[in-house]
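Each of the next two complexes has chain A plus one other chain: chain B in the first, chain C in the second.
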Partner chain A sequence: MDLRRAPRTVIDPKVRHVGFFAPPDRSQSVPLPQSSDSPPLSDLSPSGNSLSPVMIPPPRTISAGLPPNRLLSPLHRFSGDSVIPVGSYNPSEFASPSVADFFEDNNARSPGPRRSRGGGGSGKFASSLPAGGFELPPEVKPKSLTTVSVVSNLQPNVTAKVGEQSSESQDVNSKQPLKEKTSKAERRALQEAQRAAKAAAKGESSFVYLFDSMIFGFFLSVLRNIEGSPSIVILSIHFTVVATVKTGKANNVQKKDNSSSIAASSEKRAGDHKDKDRKKDVPHPRMQFDDTTRVEKAKKRAVVKQTEVRNRVELFRHLPQYEHGTKLPHLETNFFSLNSVHPAVYKVGLRYLTGDISGGNARCIAMLQAFQESIMDYSTPPGKALDRDLPAKINSYISFLIECRPLSVSMGNAIKFVKTLIASLPLTLSESEVKATLSSEINHFINEKIILADKVIVRHAVTKVRDGDVLLTYGSSSAVEMILLHSHELGKRFRVVIVDSRPKLEGRLLLRRLVGKGISCTYVNINAISYIMHEVTRVFLGASSVLANGTVYSRVGTACVAMVANACGVPVIVCCEAYKFHERVQLDSICCNELGDADAISKVHGREEIDHLKDIADNENLQLLNLTYDVTPSDYVSMIITDYGMIPPTSVPVIVREFRREQISSG
Partner chain B sequence: MPDTHALVNDFLNKLKKRKIEGSKATAKLTAELLRSVISQQRLPHTNQAGALIHAIKAIGEQLTAANSVEVAVGNIVRRVLHIIREEDVSLTTASIGGLSLQGLSDDEEDNPLVSAAAAAAAARTTLRPPSLQTLLEDMPPHSAAAAAIPHSSSSAGDSEDKTKSTDKNSRSRKLKHNVIETVNELIQEIATCHEQIAEQAVEHIHQNEVILTLGSSGTVIKFLCAAKEKKRSFRVFVAEGAPRYQGHTLAKELVSRGLQTTVITDSAVFAMISRVNMVIVGAHAVMANGGVIAPVGLNMVALAAQRHAVPFVVLAGIHKLCPLYPHNPEVLLNELKSPSELLDFGELSDCMDFSTGTGPPLLHVANPAFDYVPPKLVSLFITDTGGHNPSYMYRLIADYYSADDLVLQQRPTC
Partner chain C sequence: MDFQVVVLAGGTSNKLVPLVSKDVPKSLLPVANRPVLAYVLDLLEQSNIKDLIVVVEGEDTDGLVENWISEAYVDRLHVQVASVGEEVGTAGALRAIAHHLTASDILVVSGDLVCDISPGAVAAAHRRHDAAVTALFCASPISGPPESGSSGGKDKTKKPVRHNIVGVDITQQFLLYIAAGMEVEKDIKVQKSILRAVGKMEIHADLMDAHLYAFKRSVLQQVLNQKQTFKSLKLDVLPYLVKSQLRSEILLNGAQAEENGNEKDSYNTDQVMLSQLLANASTPSFHEVYASGPNGFSPAERKTHKCCIYIANKTKYCARLNSVQAYSDINRDVIGDASHLSGYSFSAHNNVIHPSAVLGSKTTVGPQCMLGEGSQMGDKCSVKRSVIGRHCRIGSNVKVVNSVIMNHVTIGDGCSIQGSIISSNVQLQERAVLRDCQVGAGFVVPASSEYKGESLARK
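Right, the complex of A and B next:
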């Protein structure tokens, strides 16, 4: 702030710690207990929701050997990566180099040996796929972090294998372009295959095809996530093509040759101005819905057809109030006509819509991975420049996602990161290099800002759990869940009070997971909070975002819990990753919020006898308000635990100011 | 006598099995039960009031033990006891008044009665608020008493030469009769308390007001509807009040009356309260310190209201006024309902291991029925006698209850 301050170079900003730090005592000496992967829990993860109205096949039905998209389950994420030797809070070890080391190490250990054995060209792989493609080495399977561990341009083994096609050149410099060229070709092939599949499937019922294509999409994501290897991806393409259409193959190979030359030719890049039409494409993330002209304009562009609810709540006219049941069938029928939206993004959007993916971290990771996938499949159309076309594409994806569900703050920050990333790419890179860089940077973001951040938070927070504590939590926060599980694994004796509220009842899922792990739990409704608060010693809360004035933007009801805890003199600890911090300020829960499905209010889950509102739902005097978030004033919060340390809520703007710039520029 | 026993036992069973819902219904039934008990009670010739009080106390003890949370039972028992004492005192003063009028004419009066009258008067001054009337009654005891009960004194004066036994007889019938009449008034008062409270609605609700309430209560429905009938237009936010979801019934009722109603979840109370002008809720009981035993969730609402400086108004009939001071009311004056309202019994059976059977169970589900709202969070009580501050409650209690009856438990020695 003042000029006399020591220059930045003295202290590396990345390792500068804020707030109080846990003494490196017992958590350091005790290695994280390695929890075995627990199959029964996997069906609790949102991805395993078999009731989903979209035809997303539950992981188990695909193949028993295939791990589901485990990143969605915080539990797995936690258990899987507990092998990471995060030993100390020594800044030098804690900075990003060690992270990179870890991933290198991980990669070297897991898929290496098998990869080197599996020689031969892609054709050979294709034929052997059903057997070989699914059998993953055992050490990969429990590793929920593998998605994250892919920093593909750093892997010698991958490049080595890719190198087989061109049969040579282990020279480090030539590795990257080579690999990227092939992967580029494969993207083309993939798109080709999709097109062919679509054409072939036209005769069949769309239901079956939807299912197939979902499996196909799932293959893509899972395989890529695990292997990080382009040639494995092409195997899956071939497999799908063989399975659904038998005509695509020759076409494929031919195209591949063509596309590599295209890739070479399209490496020139235009100068970068900030083009304005790109900005126009995206509806403002906080569009005011009481502005009728803008709403009309947005409607014309919208991919998702939405009907407004019958009785809008007057106070919330500035927020979108749409009926929830109506979007889905429309989107399902339009699945094939949506050329602008990449299948991966489409899939993620549908899952947002159905509530299959919820929670700031899970939504953010899902979105980033979908972007990654779409970037990998991207090819610059002739006559356009990548740095203009790609942002436009991503903007159209974002507007589609917004139509499915308003963005969370975490997603907004991640999008900002991706956009800055694209804008800051050096012009000299080839298209394939650009794609590789983007992909690895996105991986890096997921690793560092979400997964490692959670780990650090857990490490700080367990120091606040003592034997005999009664910890209260509200709803289901992934960070808090990890804290509880880790404390339990450390052998601390404590009891958990889970407070829950309608209509989401997310606490039940958490309750189920904790009880399954053997933690003693008490389950109460939010109304009984004053009753139960007298026996509680600490309150741990998750957050969707922490705003610059220190208020905590979180699941609706959090404010009530914090208020009652404050009145009873119980410390309130908010756990939130720093990438969710936002420079916005907010005083009430009304100006900016999200409205959920109104019908969820009138129907009480499991209590069919309560149907008083059923027959009067159309009455103009009745409004049903289903708020999703609320704002907790900062004076109810005793402490915020974030990846930069444990801070008071007044220090949030400092974190935002000091680290936001660095976070974006580091990407 | 067997009749009353059967009645009392029947009522006890109902209380124990929680068959009676709501403090108003309970209060009404209790009052009716006590009325029939009184009417069937055979009274001795001497110390009738004492006998009656003793009988009622015995029943009251049983009743309060049956459901200690339903304080309305105890309130009504105490009210009836107070009525008996009052009637007894007024009869005594009346007769004393008559006798002392006599005593003025011929100077041979027995002292014990006079001293009893003095004691009764002293008791009344302690019971009654120090109004001008009581002062006047005290100053010239004879004339005031004579004026207060003219017919009894005149009847006493008429039958000067009648024997003491007939006088006693008429007095005993008179006591019973008077008590039953006043108990009838009490029942009437309980029945009409909603209307009495609702009459004040327009004084408290202005045009375009935004009101928040949680759950449902008969008083609140009547109150809001009364304001609507008087052409006030306002909007109501109704928090549904899990796990009973009575807010849905309230919303239905209000919508059918044409009120703008918005149903919100209980968790959204804090988010919405900043846009609310007033919180109006019902109560289960009002304690002597001005604290409120209320449906679960209301302490949260009251704290949120205090945070945003929104008036928190409690509607309560006088029968909900309990003369006891609460101690640890969250636990002692609470009732845990069935956990099945929150979780199905089978819901977590698959992830819990019952085979070992050692140690305490992993899962507890707490489903309390009531909340305690401390007096500092309450802005106003609206009762059938008007609006009161929480700090005034102790004074109201002195009006309706006698200090001797606060403890219903009789000592085992006597």
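Right, the complex of A and C next:
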């Protein structure tokens, strides 16, 4: 528990070394003179030029010699005045607003240098952007103009939750479009600063600040050492993961050697207390499937027999990939032995496994309904307490579902909701009351967060559909489908381009339904995207999740569509319910993704004559990669339509924060 | 898992005369020295099904089966035995015990099934599709080595009867058409609506109905109540459900209504949206496509139910004891190819000889043979690919090939038995020669007699 441990916590062996990785210089990372200072609030530049600890600061900023602590100050707002959500603590949440600011800032103020970096230093983003080396035309201004006009439209529909923001944008509305965004960023920064000030006044902000500054200091040092190496982005990601796990330790360490800082002894105690809570609530680090011992352990626990695929792509070894053929028969044979799994949950799991249900909303609803059913059938075993036994039961269901298919972000959020719900039940309720409450609350969640949210999204989005529009969508998103159908019902005349891709060809079902309703459609494969994009006026996309830095995590191929649209100056509108938002920050689609069945891409169903890979499937030189999701950077997203209104991708952290708080107050 | 299991043990089958009798009902016929019902019960026990209902046809046999189960499966299974009148058929048997059925799905297993296919697989497929009925089909077993003589002729007439014409969709998940053996003679009539809805249909003639069905309880009870004339599950209920799958007359007020119920009381548009959202996200089967009409919507909702099929892997063993030929085939397989079913551990010579069995000098027991407890054999005997039951007394110079000999059989010196089935308590006097014969219980075969392809029973 001294200085020497500080760097260890950071470069813990759990850091995954993906790509080539230069070990950080410890001596540089340890001393953090800035961190001991109390944050000079006046130091905050109104421009809000803040950087996230997990982002790569643009070289331009570094050369300007900004003191790093200044960059960190917005973090105070979170550590201080926001109630820390139980069970969802994650440093990335704290870091996120500044990330967003970074993006926004770059968008608004200096699109030029950023773009050029995107082109020149393509190595950095190579992993996150499928076309990192894509040269964007310098005249991107019209595009950003479109974006802004979209944003300025949002005030009539914004709900009270983002009231602050909407009033802000109203003010801004009269100003010139390009300037508007800058001033908005400024305003936000100012707001952050005020919050930070408040937090500092309360004096509760010490440890998170210290921790983050340490991480950041370390990160900077790493950066200095290996700047320009292509692995930085990945490294930073894993950084976040490690940070999540190690918060407790890091806090202790920091507190001891920074006795001169704001952390007074009394606070320390409070901090310790919080620490304890945290340790409990810190989410388990994502299972890394290249860690053999852990995989072995997990295998022993597993209900579903999983055979691992032999030829895996090296870069994706940390993700689970199993032979898809072996799971189902095993699960079927054990149908009657799986007594611990409720039939409804079993059915849902089976349907996940076979791909009968897909799509974030549907999977989430199906899971919640299965839980509801299992709760209704639940009876507390003698000698056990409901509030202990039921969560254990639910946990076993969840692990069963995960074995069938990895959870989506939407499901993760819903599970969090169910768990806080159970945890917050008053002990005085009888069993039947508990069941009734849980059931109605789950119904409430489904109705409010999914169904109503979709309705609100549709109402917002319909205003963006005009007569004569050509709308493009990719894959099959339930929200987008509703938007299209509703616009059609309103009598708007528009055409739809459905872009689809192998192997799932989900767009076909959407196509069938839309054509059935009498909407004029064009169906193309994603190969034709660059051709078709020229005639498109709007792109509507669905999302599996929207992350705190505005990144859109969605069906693989979405990034490509968004990027082409961006290059052609077509606004990209992402429709995503707010319950799918996540406080995680992700810059590439490597660290966290799902691997689908590799056979699906090597075989074409019903076309045996072109099955050229059949006999070499086991060849060790052949590695098949079927990614399920990809990540669209917020640069390519003009607007996100959510149930809280139409927001720029930079405002996602606000929603994430508000959403969490609301959940806590209601749960 | 909310499944109830019903084993239809049957009574005394006419097809198995003279092997069965009042004392030995079909379900207690020994296969490799264990009653055939034991194979089903063991299979269910392996799948962790501990609670089941055994339905026996006929009042007299009821007690026998009950005694045997209570002896063999005490502390292992919770079995309820119900007896129904004779000649009520499988549907009638279920009708009789309908009030005992409470779970949402019912697994109906025929008591004469000898297989190693997990019933869980059928149940899982049933659950997954939320089907009205799921049937297990397996590749028809290759009929035993064609024996020369009259029994070969008998096989020819029987073969087509055992075969079904089965139509499935290309994913081999849904049952689209079924015709049992008798109807095969006529032209096959496939419903246009089904063919139009599904697009492609595979017709199989090489599949055998294993008589293992998973029914949705509400559907089953409704069909049984509405169609009082239905006697057989296989010949009446299953074809009816398959034929009517696209114009379902069943009010699906059971489990399926829970899902569709939302639409019915459509006072809440949210609920409609919810169910639509779920429906859109799942890959629709042709039923759903059909139900929603040609253009994705229909003026009146068409009611459908799903009939699913689970086609077992070809490597699995599956056979039904429903004929004399099948009886000897199964006996041969259980101690031969499918020896894992028998539950015995085979010796180095690939045969099972009970330690208490006594073998005379120069007597050879070949591979794939079984010799039961307390049996005695004289000198210079030879046993090949045969099952010999308990407490048999076999004299010298006896040849037993490809045969089944049940318990307490006495065989005199110099007998030759080939391809025959000899029931319990039969007495074979010296130098009797039997070929492809079935001998009923207690029959006495006179000395030096020769029989070929005959069915011998006590008058």
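Keep this in mind: the second predicted complex is superposed on the first by the 375 of 667 C-alpha atoms of A that agree within 3 Å, B and C clash if a C-alpha of one lies under 4 Å from a C-alpha of the other, contacts with A are read in each partner's own complex, and residues count from 1 in each chain.
Everything below uses one rule, namely that contacts are C-beta pairs under 8 Å (C-beta built on N, C-alpha and C of every residue); 3 or more make two chains touch, one makes a residue touch a chain.
Just so you know, these numbers come straight off a predicted model, no measurement behind them.
Enquirer: Touch check for A:Val631: first (chain B), second (chain C), both, or neither?
Expert: Only chain B is touched by A:Val631; chain C is not.
Enquirer: Once the shared chain is lined up, is A:Asp356 touching chain B (first), chain C (second), both, or neither of them?
Expert: In the superposition, A:Asp356 contacts chain C only.
Enquirer: According to the contact criterion defined above, which of chain B and chain C contacts more residues of chain A?
Expert: Tallying touched residues of chain A, the top partner is B.
Enquirer: Just chain B (first), just chain C (second), both, or neither: which does A:Ile451 touch?
Expert: In the superposition, A:Ile451 touches chain C alone.
Enquirer: Look at A:Arg512 in the shared chain and tell me whether it touches chain B only, chain C only, both, or neither; answer first, second, both or neither.
Expert: So A:Arg512 meets both chain B and chain C here.
Enquirer: Contacts for A:Lys347 in the overlay, against chain B (first) and chain C (second): which applies, first, second, both or neither?
Expert: second
Enquirer: Would you check which partner chain A:Ala366 touches, where first means chain B only, second means chain C only, and both and neither mean what they say?
Expert: Touch partner of A:Ala366: chain C, not chain B.
Enquirer: Take the contacts of chain A with chain B and those with chain C, and give the residues found in both.
Expert: Shared contact residues on chain A (touching chain B in one complex, chain C in the other): 512, 515-516.
Enquirer: In their complex, what parts of chain A are in touch with chain C?
Expert: 329, 331-339, 343, 346-347, 350-351, 354-359, 361-363, 365-366, 446-447, 450-452, 454-455, 476, 478, 481, 509, 512-513, 515-517
Enquirer: Spell out the residues on chain A that touch chain B in their complex, using ranges where they run on.
Expert: Going through chain A, the ones touching chain B are 40, 313, 315, 500-503, 508, 511-512, 515-516, 518-532, 534, 556-557, 559-560, 563-564, 567, 588-590, 593, 601-602, 604, 606-607, 610, 612-613, 616, 619, 621-627, 630-631, 633.
Enquirer: Across the complex, what residues on chain C touch chain A?
Expert: 1-3, 47-49, 104, 118-121, 123-125, 127-128, 130, 270, 273-274, 277-278, 280-284, 295-297
Enquirer: Provide the residue numbers of chain B that touch chain A in the complex, in ascending order.
Expert: Against chain A, the touching part of chain B is residues 240-243, 245, 248-249, 251-252, 254-256, 258-272, 274-275, 296-297, 299-300, 303-304, 307, 330, 334, 341-344, 347-348, 351-352, 360, 362-368, 371-372.
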